[in-house]
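Next come two complexes built around chain A: one with chain B, the other with chain C.
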Partner chain A sequence: MAGACPCHSIFLIAERYETLVIQKKNPIDLLFSVITAGASFMVILLVIGIFAILLKESSLSIGKFGFIKFIVTNEWNPVTELFGAAASIYGTMVTTAIALIIAIPIAIGIAVFVTEIATDFLKGPIGAAIELLAAIPSIIYGMWGLFTVAPIMTKYIEPALQKSLGLVPLIGMLFQGTPMGIDLLTASVILSIMIIPFTASISRDAFNLTPAVVKESAYAVGATQWEVVRDVVLPYSKMGVFGGIVLSLGRALGETMAVAFVLGNNHQITSSLFSAAATITVTLANEFTEADKDIYLSSLFHLALVLFMMSFIVLAAAKFLLFKAERKINR
Partner chain B sequence: MNIERRRKAENIIALFLSSLAAFSGISWLVFILGDVLIHGIGALKLSLFISDPVPPGVEGGGLRNAFAGQMLITLFATLIGVPFGVLGGTFLAEYARGTRVAAVVSILSDIMVSVPSIVIGTFIYAVLVKPLGHFSGWAGATALAVIMIPVVLRTTEDMLSLVPWTLREAAFALGAPYYKVIIQVVYRAAATGIFTGILLAVARVAGETAPLLFTSFNNAYFSLNMNGPISSLTATIFQYAMGPYDDWHAQAWAASFVITATVLLITIVGRILISWRLK
Partner chain C sequence: MKNVLSIFLMVFLLTLTYSSAGAADMINGAGASFPYPVYSSWAYDYHKATGIKFNYQSIGSGGGQRQIVGRTVDFGASDDPVKPEALKKDNLFQFPAVIGGVVPVVNISGIKDGELKLDAETLCGIYLGEIKKWNDAKLISLNPKLKLPDAGITVVQRSDGSGTTAIFTNYLAGVCTSFKNKVGEGKSVKWPAGIGGKGNEGVANYVKKSPNSIGYVEFAYAKQNKLTYTQLKNKAGNFVQPNFDSFGDAAESGDFDSKKDFYAWLNNTPGKTSWPIAGATFILLAKEKKDSNVKTVRFFEWVFKNGDAKAKELVYVPLPKSLKDKVRAYWKANGIQ
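Presenting the complex of A and B:
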């Protein structure tokens, strides 16, 4: 990476000087540099544009309900034209949290397997399988979830959970009601399968940054493979792994099609994971084209704005963590 | 002795669990692909590609409109998104290399890659659908292009950065201006990489549904008019899978199969190209 040696910055200054000299000489070159600059500023323009447009479109809703009050109000009624996002935000947070709880151990397990255990013969196929899992469009996960996972959840997994964990006081609260398959738990499971590849591949990259010498010296004093992972690799790469987890969190927040099929779009806050719910994305997907009144549409834009800000902050944090992790290794 | 035995046992358990995790990852892939294959192949008929949908509840019909619409939207998204992405990436890797501006754009692009695609759908709705008063294929294509730009931009930047600086110096030494060096030397050296980036970006947007729901919307009839609502495979899958008819479900599976096979094929070709390039 950049900054690895002090000579690099000198090199950069030399490069830039060279560029300037050439630009002055040639008008076509100036034109080309302006065109390419314009194309890359498009990204900045898009970020600002999305924020500004969403803010403008939701101004009606912000004016009527208030930005903060909208977030904490649990009311979604197109008939009385009263809107609050609490139920949708709750659904987004619950599905994301459960998906992460399921996905993190599996993803780290995969990363450990691929970097430390697998022979070269197995590394390729498993790595490829994980990459392919990440490439499958989210609507396919949704279809699969609706027609395959939901029935399995209804028939086997949810009744089993109800009979075991459902009887434990306090935790049992999460598993009340008739298992229908179209609920928070099913959506979370599908979401977790979707984010496993992201978390796994970033964790793998973070693990790979551990210098081989450090690992070898641990082996030399008699550490077992697990001890090397636990006491050498994980401490060394924890920032990178954490960054990967935060990135997956950002992805899970905004996932639409994988959960839209199996969540039921029900604006209620319930303690049971066996009840239909709504996330911000599901609400948008289901209701955006049906919004017939200005305040309704404006409230939906308000939801989109909240989602955009949430995921932007989370993704920026992830980027920052991954950047710091990389710098720490390079130092 | 006791401690050693415990350490060994711990080791075996930990290794077993992580192997289990790895194989569960593979089994999910097999499970999903197998499911799509089994349901999709059965419903795959020639009529799917050459006939249009029939009224709901009536047997038969196909998704010719959705295939045509999907291709049209993806094609125009690529035509709009790729130039911005490639040129923008060129600026970051060449003219602005090492500057703060490049770092900011690069980080923003990384964030934009993961920003929820449905938010981009709402943005395009506000910009291109609401003012014009109707859904349009152009809006859909633009939404997908917005998703594509940061992806292509970042891969282009990375691929151009891989081209050794000495190669440019060699060209400078011959008196070539920078733009000529970029177009005739750097682009050529990085062509495979840039092409792969474009391929992967196409694969990414070809399976996008959320940004199309309220931009290109859907259309039950065959239409190539980019100015009006246009059908896409993914939006049709959503509509058909949520619908009550078995025939619709079968067609949704078939469409899912086609789209999965296409996306995975493009992705695999891209991966092979990139590993071949980096070798």
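Presenting the complex of A and C:
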């Protein structure tokens, strides 16, 4: 029919176009769409702008040390003006990895309890507590870490670890040296407490995506609670949980104030978890205000650029996995 | 809608008039965090006395230098003196405002305030990691009467870049060639031994909580937190206690020369009772900004006259009279008074 009378369809299109234009001509609507579009594009501009500034400010350091060479050089000496990021990157990765190792089982345990095991009467308070934990500013974790956690680590936990795991060959080398409380382990423990709420709440949401029918069928054929969680809920939500873990990873990579006080800012790569170290953010927080030479400041920007790229890659991976998980569930 | 717009316009105009009126009697500065408490308390008194606001942001000495070079503030503040050549290049004035010092603090059971004696050689050895135990022969020969434990020394230093570290490492590098060669001096250095605490509070906390430790903090911080400080042997060969007199003496015998824009460290000064680790904190002015310089100088002139008691109350050491006069002459010679 459309083929038989093209003039008619053209008329229709014209009419529709006219309504569109009229809608757009409404000044409030127009203003509204311009403001929302402006806000959205500003985010993109900001990200590009920050990247450009980091690149520009670190150009001196990139020129002197080379982008790749800067990453692999284990030297950070403001006096001789030799800078390399290897120790900071190592510290960032070790603290993040240990924090995840501690946080993931606890967070998933919390999520399982809240979604599958707890009665409704308990769900509310626990959920609220998790969200409150996420709302505590990180500087408070930092001060609490310095004045409370570090002494406990020094007195009880670290000597106990040294006496037990420290004697096991190979693993033992992780627990050498005098426990001082300013070290990789203390920083990791504080980080893990900080990221538990993120992992837990995202896992909880992912678990809730499991269709109730499937779970009920499993119970109907006589599966226990443990079997339902292991064989039904976890397989259904594993991509979502994984995405949550990667988001927490991004958070742990960038965390500053919580670890700035308990890591010591020593630029060294050691095998022992009982030695002071530095992460990228800790270095920035400690040294940015007093960086007086141009190459020093530029190297700090260079560090920030490295972290920006690390975080970008991690978040891109997380988005990709979440996207895949959603598609799988929708199918 | 129209009403809303007119209200907005009115508020906007009001803020505009207010802020332009404010700019005339406002001094803006930024820089070192060490003198922040005393500057802000002087600012409070100055505002009460004259109605002029003195706004100071403690963003760190490095930041203060950058801000005044970029001409975004009326004055910059720095804990370390800027070299005359650099001042010339950036067209800046420089003068000292107040004195501070660094004291070693220890935590050894049974040893009280000001009992332990240290000299340049032992302090240097401890911070290089070469003197590892408290009952080292060198420490015992300095302190024959004290009972020093057979325990390893936990060395604590600042993890963040700071003027305190700059003064401390300038002292160590000045008195000890091996420290100069191995570590050097600066606001943050690569320490061969020990652990780092963030800020004075971080160092103080670790020294307080770790037995057999040693750290270095600002004098004011040691005093307010009742940390166990040590005696030090000065250039004249005398053991001195850290107090207002010994810091004042250091300032008095410091090599402040207005021709060099007061570029001077107060470390290891020759005075008989000088405390050997001290430093002034400095004010930087842009030479071409005459009006704001006059405003800033007026503030410090007022402080030199009326601010000593308040400074002492906050455990800062006011400039000695001779130095104040030198600074006044410097202002006059440069036509900013």
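Keep in mind that, in the parts below, the second predicted complex is superposed on the first by the 298 of 331 C-alpha atoms of A that agree within 3 Å, B and C clash if a C-alpha of one lies under 4 Å from a C-alpha of the other, contacts with A are read in each partner's own complex, and residues count from 1 in each chain.
Basically, a contact is a pair of C-beta atoms (placed from the backbone, for glycine too) under 8 Å apart; a residue touches a chain by one contact, two chains touch by 3 or more.
Worth saying up front: this structure is predicted, and the values here are computed from it rather than measured.
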Exercise. Put the two structures on top of each other at chain A: do chain B and chain C fit, or clash?
Worked result: clash
For this session: Using the touch definition from the top, say if A:E216 reaches chain B (first), chain C (second), both or neither.
Result: neither
For this session: Look at A:F261 in the shared chain and tell me whether it touches chain B only, chain C only, both, or neither; answer first, second, both or neither.
Result: both
Exercise. In the superposed arrangement, which partner chain does A:P78 touch: chain B (first), chain C (second), both, or neither?
Worked result: second
Problem set entry | Which superposed partner A:D231 touches (first chain B, second chain C, both, neither) | neither
Exercise. Taking the superposition as given, does A:V43 touch the first partner, chain B, the second, chain C, both, or neither?
Worked result: first
Exercise. Is A:L253 touching the first partner chain B, the second partner chain C, both, or neither of them?
Worked result: first
Exercise. Touching A:E57 in the superposition: chain B (first), chain C (second), both, neither?
Worked result: first
Exercise. Is A:L146 contacted by the first partner chain B, the second partner chain C, both or neither?
Worked result: both
Problem set entry | If touched residues of chain A are counted for chain B and for chain C, the larger one | B
Exercise. Of the partners chain B and chain C, which touch A:I28 in the superposed model: first, second, both, neither?
Worked result: first
Exercise. Which parts of chain A are in contact with chain B and also with chain C?
Worked result: 146-147, 260-261, 285, 289
Problem set entry | Sites on chain B touched by chain A in the complex | 7-8, 10-11, 14-15, 17-22, 24-26, 28-29, 31-32, 35-36, 39, 83-92, 94-99, 102, 104-105, 107-112, 114-123, 125-127, 146, 149-150, 153, 165, 172, 177-179, 182, 203, 206-210, 213-214, 217, 234, 237-238, 241-242, 249, 252-253, 256, 259-260, 263-264, 267-268, 271
Exercise. Where on chain A is chain B touching in the complex?
Worked result: 2, 12, 15-16, 18-19, 22-23, 25-26, 28-29, 32-33, 35-44, 46-47, 49-50, 53-54, 56-57, 105-110, 112-114, 117-118, 125-126, 128-133, 135-144, 146-148, 193, 196-197, 200, 224-227, 229-230, 247, 250-251, 253-257, 260-261, 281, 284-285, 288-289, 300-301, 304, 307-308, 311-312, 315-316, 319
Problem set entry | Contact set on chain A toward chain C in their complex | 76-80, 146-147, 150-151, 154, 178, 180-182, 260-261, 263-267, 276, 285-287, 289-292, 297
Exercise. Once bound in the complex, which stretches of chain C touch chain A?
Worked result: 33, 59-63, 65, 80, 152, 154, 159-163, 183-191, 195-198, 202, 205-206, 209-210
